[in-house]
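Below are two complexes that have chain A in common, paired first with chain B and then with chain C.
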Partner chain A sequence: MFGFGRKKKQATDWVDLKTQPVPEGHHLLEVNDLKMYFHTQDGVVKAVNGVSYTLDRGETLGVVGESGSGKSVTSLTIMGLIDMPPGKIEGGDVLYRGRSLVKMTEEEMEHIRGNDIAMIFQDPMTSLNPVYTIGRQLSEGMILHRGYSKQQALQRSIELLQMVGIPNAEQRVKDYPHEFSGGMRQRVMIAMALACDPDILIADEPTTALDVTIQAQIIELMQKMQEENGNAIIMITHDLGVVADIADKIMVMYAGQPVEFGTAEEIFYEPIHPYTWGLNRSIPDPVIDEKRPLTPIKGNPPSLVNAPAGCAFSPRCPYATDLCRTEQPPTYVTETGHYSRCHYAHDASFVSANAPETSRTKTMLDHAADAVAAAQEGGEA
Partner chain B sequence: MLRYIARRIIQFIPVFLGVTLILFVMQNVVPGDPIKLIAGEKKLDPQTEINLRASYHLIETDENGAPIFDEEGNTIETPLWKRYISYITGLLHGDLGRSYQQNGKEVTKILSQKYPYTFKLAVVAIVLESIIGIAAGMVSAIKRYSAWDVGVTLVTSGLVAMPAFWFGMLQQLFWGILMKQWTGGGFYLPISGTGGPYAEFPSWVYYILPALTLAAVSTAYTARIMRSQLLEVLNQDYIRTARAKGLSRRAVIWRHALKNALIPVVTYIGMDFGGMLAGAILTETVFNWPGVGFETYRAISQRDWPIVMGSVTVIVIVVMVINLIVDISYAFLDPRIRFDGSNNE
Partner chain C sequence: MADAPKPLLHVEHLCKEFPVESGLIASHMKNARKVHAVNDVSFDIMPGETFGLVGESGCGKSTTGRCIMRLTEPTSGLVEFEGKDVGKMNKRELKALRRDMQFIFQDPYASLNPRMTIGEIISEPLIIHNVMPNADERIAFVRELLDVVGLNPEHINRYPHEFSGGQRQRVGIARAFALRPKLIICDEPVSALDVSIQAQVLNLLTDLQKEYGTAYLFIAHDLSVVQHISDRVAVMYLGSMMEYSDWRSLYAEPCHPYTQSLLSAVPIPDPDVQHSRKRIILKGDPPSPIEPPSGCLFHTRCPIAQARCSSETPQLREIAPGHFCSCHFAEPNPIKDASIEL
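This part shows the complex of A and B:
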């Protein structure tokens, strides 16, 4: 798995891709029909099966789906952090500023990671190395990618900690991770990810492990940093409510596949996939009324090894027909690029008859925004 | 930190008293009269025997050291508790008594002659164990399921299952005897003793087989602990964080994984060193190595209780000091551990 690599080439002969213009006709990040399968003893796990999207600077993409739907594997594949084997890219490509990340060597990817594309993870309690100080862990990337001296890097670490709102930063850089609360550690993770001013920040469920009150603060911090730096954000979550407020585009994933992709407005007000309807209905509503009780989607996600023959959602879909159970749905794309993998997505009468009522009004989004605002009023522990 | 050390030392006192007391009581239960054994096969002259018992304070004496007799003209045995108290008193004055067998030689002198051999052997063994064990475990973890890993697993399983003395004897047979035959005396290793000015080999050669024997089983454990720890650490979230920063695999292993993985390994090696300093009775006996282990073994078989008591006393203290050092070294490896009594978690 981990080999004793040869000594890494110095950064001097490498030109940071983030300083290069995005070539004509390309986006900052383009994921095209990406497929990442795991070859295990139990069979082939199709963890990512045909994911496509584009992303530009300043944009936020929300990736939403149940646990196990392939959200993390998708982003780790982009980062080149999936061990191969057992993983294998079975198709598709990832283009960053027009360059294929899939075809890059490990050495080239080391320049990209942390420098052009940075990532923060779900559990801030375990994502920092317990035996080194925060300052040392913050400095590492800057020493590596920017050629800073230890002194410069430490100085910059203090500034970064101040930027992400950690009080008494001069003292705190010398502290160890266990001396910080969960919310504070996630702030440290954000500071660490932004240390080299990346183009893209991938946040893999950054608030799932945190208290509700702190969740909103972390999201707000990421937005504020985005306004200052202009980076793109890929926000992964299993809770559609979390991205309600901040995403420009949303990709809904189910069983390794994107089942619906569109702008946040499209996903919230005009969703055309039954799974998205289910997600919309299951957003916890701060003002639960009897007419619209919380409706979680019944059943469990399918096995990724023996996927159902037809639509992957068919075992749980209330509208499934024989066609659904036998044939894979095609991708139906609207003029705006809003797409859905459902046999009936093109059928306006089917959609209007079955889509949740609230999703076509603005109340849903307003409620979600209220929830965030209410949470922000609470202080961080 | 100082308070922690003081507390540990205070906690240690009852343990020490308990261990020595048990041993003291055992002296009286184990068959064989040590004073009668001094003369070996011969019969001891009754007056000499009384004088000997008096000089070792086994019977009551007056201020001049002359034995006291009861009405029937028999000597009066000193009660156990009195002897224990005088042992403790002596200990506090740095006096561990005198040997029964070696013409009343002072136990402190005997031990100070033996301890350097045990210490040097232990250091060589621990260096071998650390280097070979850690390196083998690391390579196994990094190249998991490779031929190397399978080989290490097989060898370590074999070593763990093998009694140390038998492994030592196999070594003697192979390197000392068979090798000598096969090469017609061209190449072989010494299998006994420590060399000396007139010895066949330079002194260091005498360390090879005893040190290998002493280190064998612990090296196997070290390699296994290192392998499993490194594999576990490499699965941790903070390793993924380090990779996401752009560090190479190699840098991640050396800078992020190793220190974490070493914490339990260092504990094991430290405890093991304590054990080796307690004298490797089997290894020292098999190789005629003149250390405390061999000496203790000999003393037990000859019922030379002062030596047994003395070496156990020193061993208990040494082991306790080593354990304390290991615990303290934790704090340097793992910042989550602090000795101020409060828990940071």
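This part shows the complex of A and C:
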């Protein structure tokens, strides 16, 4: 992915986009109706079908959805890491500091990946080279993109490993990836991302393969790094707990489409899409009183080749009507930018009748019940 | 005493060591290095109960399950099923045992034979145990089972690859239930599934248990899932049991520092709650089971370890009725100030 050895412009010839101001009227990152389709023997896989969001510095976007919903392909498209063919961008654009990433050359994108936008993956072993030492792999990018000498790069590598909490870093730079545990490898990936001081860090299920105690370490580390550097984070995960922990904004994806997007507050406490409700009702509550029964979403996610006519969620949606089964729902956007792809999202009575109870509505109900009880007591006295 | 309910499964001082160096000579060497996969584990499972087993990767959950079924030979310890010593069973008795004790595996892709139809897969145990010799009767029964687990009986002649992960897990469940076992060891049965499908499978397991009174040993690393499905929950670390209790007291008042840390590390899908909690971030990785720490196995990561912890091994003791914990300083929420440190 870093492509070594080819003749290219000197590191110093480039202007890092991250040092350029965000043009007036733009956000740090703007994804507009992005579409990435794969042309396969079985047909056209509409892996990403109209994704839109904006992101600013210091913000964290959580991307949630079931496997195959297009979370990874969305960010690989942004990073210019999808092979085309079989992939093809069928529409939309990605603007980074006002510049279109979609229109950049591979050489320019390589520079972006080394300096401005970094990505870490679920399985760090796939992105670490087993035959090179950790120190060499950390140094490589700094020599290539920052113009460091070998010695400087190694020194910086040791500092970075210390920063991500690897004990005995002076020794560990000489180790190979297989000598590190899964959690340590993921920390190395974060150190690599830190090395270029990225503007945006994209993390694709960085903790899915890790134990919870290690997951907590990694999330803590990403947050600390963000506090210090002010970078934006895109956190891809299927774990709603993780997004509740760190996301400012959340995009819920289903079958290649963002079905709901909003602030973490909106998605958790005022969700307006039936799929988001379904996810909420499917996860066990960490309770200490009475267990809440789970209400699963029936059926399975659709194939992305022969997507159902109408709303992609209609075969599984308990509220589906004939309209849903025949016509694609429009995107309903509130004043705050909270959006939902559902025919009935604008209908407040539909939403309030069917949205799940949240800890906030429960507290409200409790308060109401308390008030009624207090009033009754007052009446009796 | 006479009416004390008898456990369905009784496990006592179960140990399993694996040789590190493979080969016959290595395993006979006196000081050969060993993986201490399961280390002195004891517990009971009552009929119809769900007993959850949680812990981090490699802590010995699966090995415990496999030793109970004798899919792996334990190094030492006692396993009794309905009062009978499983370790002393001969081939015939073991075969009979496998009627009453079934296994559901984590990976719905790898655990089903790709060359068999799902009808053949589900009827295999019936044929092995010769419980339904009449083929028509058997097919009718398998169709019924498919219906019970929420699969279309018309799909009886399809192959595993034609099904999704969640559907394959249902096939595994139908197969496990075919003989109406008394105990099913479920090893991470929902870990590979998406949340919406996971909820379907968890509900199915709960419904089947209500219907047939089956007991489960439910192995998983997801603490919320285990809490949801279990009556009692045990927490393992480095092959040993740190704590177990009924789900309510374990989750409300963990008495072992490891349980408390583990629970505090699980992010709760509710920002208000998650942002107001104190988190305990444990340092480092779990130590190697090849050279487990002296004294308390958790002392290298324990935020409240004292000098005696590295020399004296704490015993699993009953600190409240039915609540067992192995820590010298066991008390509800023993870590008082949650420090956040890497």
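Note that the second predicted complex is superposed on the first by the 341 of 381 C-alpha atoms of A that agree within 3 Å, B and C clash if a C-alpha of one lies under 4 Å from a C-alpha of the other, contacts with A are read in each partner's own complex, and residues count from 1 in each chain.
Just so we're on the same page, a contact is a pair of C-beta atoms (placed from the backbone, for glycine too) under 8 Å apart; a residue touches a chain by one contact, two chains touch by 3 or more.
Computed from a prediction, not measured in an experiment: that's the story for all the values here.
With both complexes superposed, C is the one of chain B and chain C in contact with more chain A residues.
In the superposed pair of complexes, A:H145 makes contact with chain B only, with no contact to chain C.
Contact with neither chain B nor chain C is seen for A:P21 once the two complexes are overlaid on the shared chain.
In the superposed model, A:D123 makes contact with chain B only, not with chain C. In the superposed pair of complexes, A:G114 makes contact with chain B only, with no contact to chain C. Of the two partner chains, chain B is the only one touched by A:V131; chain C is not.
Contact with chain B, but none with chain C, is seen for A:M79 once the two complexes are overlaid on the shared chain.
Of all residues in chain B, those touching chain A in their complex are 142-144, 234, 236-238, 240-253, 255-256, 259-260, 333-336, 344-345. Within the complex formed with chain C, the residues of chain A that make contact are 66-67, 165, 167, 181, 183-184, 211-217, 219-221, 238-245, 264-265, 268, 278-288, 291, 293-298, 300-301, 358-360. Touching chain A in their complex are the following residues of chain C: 56-57, 164, 166-167, 194-200, 202-203, 221, 223-225, 227-228, 248, 251-252, 261-262, 265-275, 279, 281-282, 284-286, 340, 342. Looking at the complex, you find that chain A touches chain B at residues 1-5, 8, 79, 81, 106-107, 110-115, 118-119, 121, 123, 126-133, 140-141, 144-145, 176, 178-179, 189, 192.
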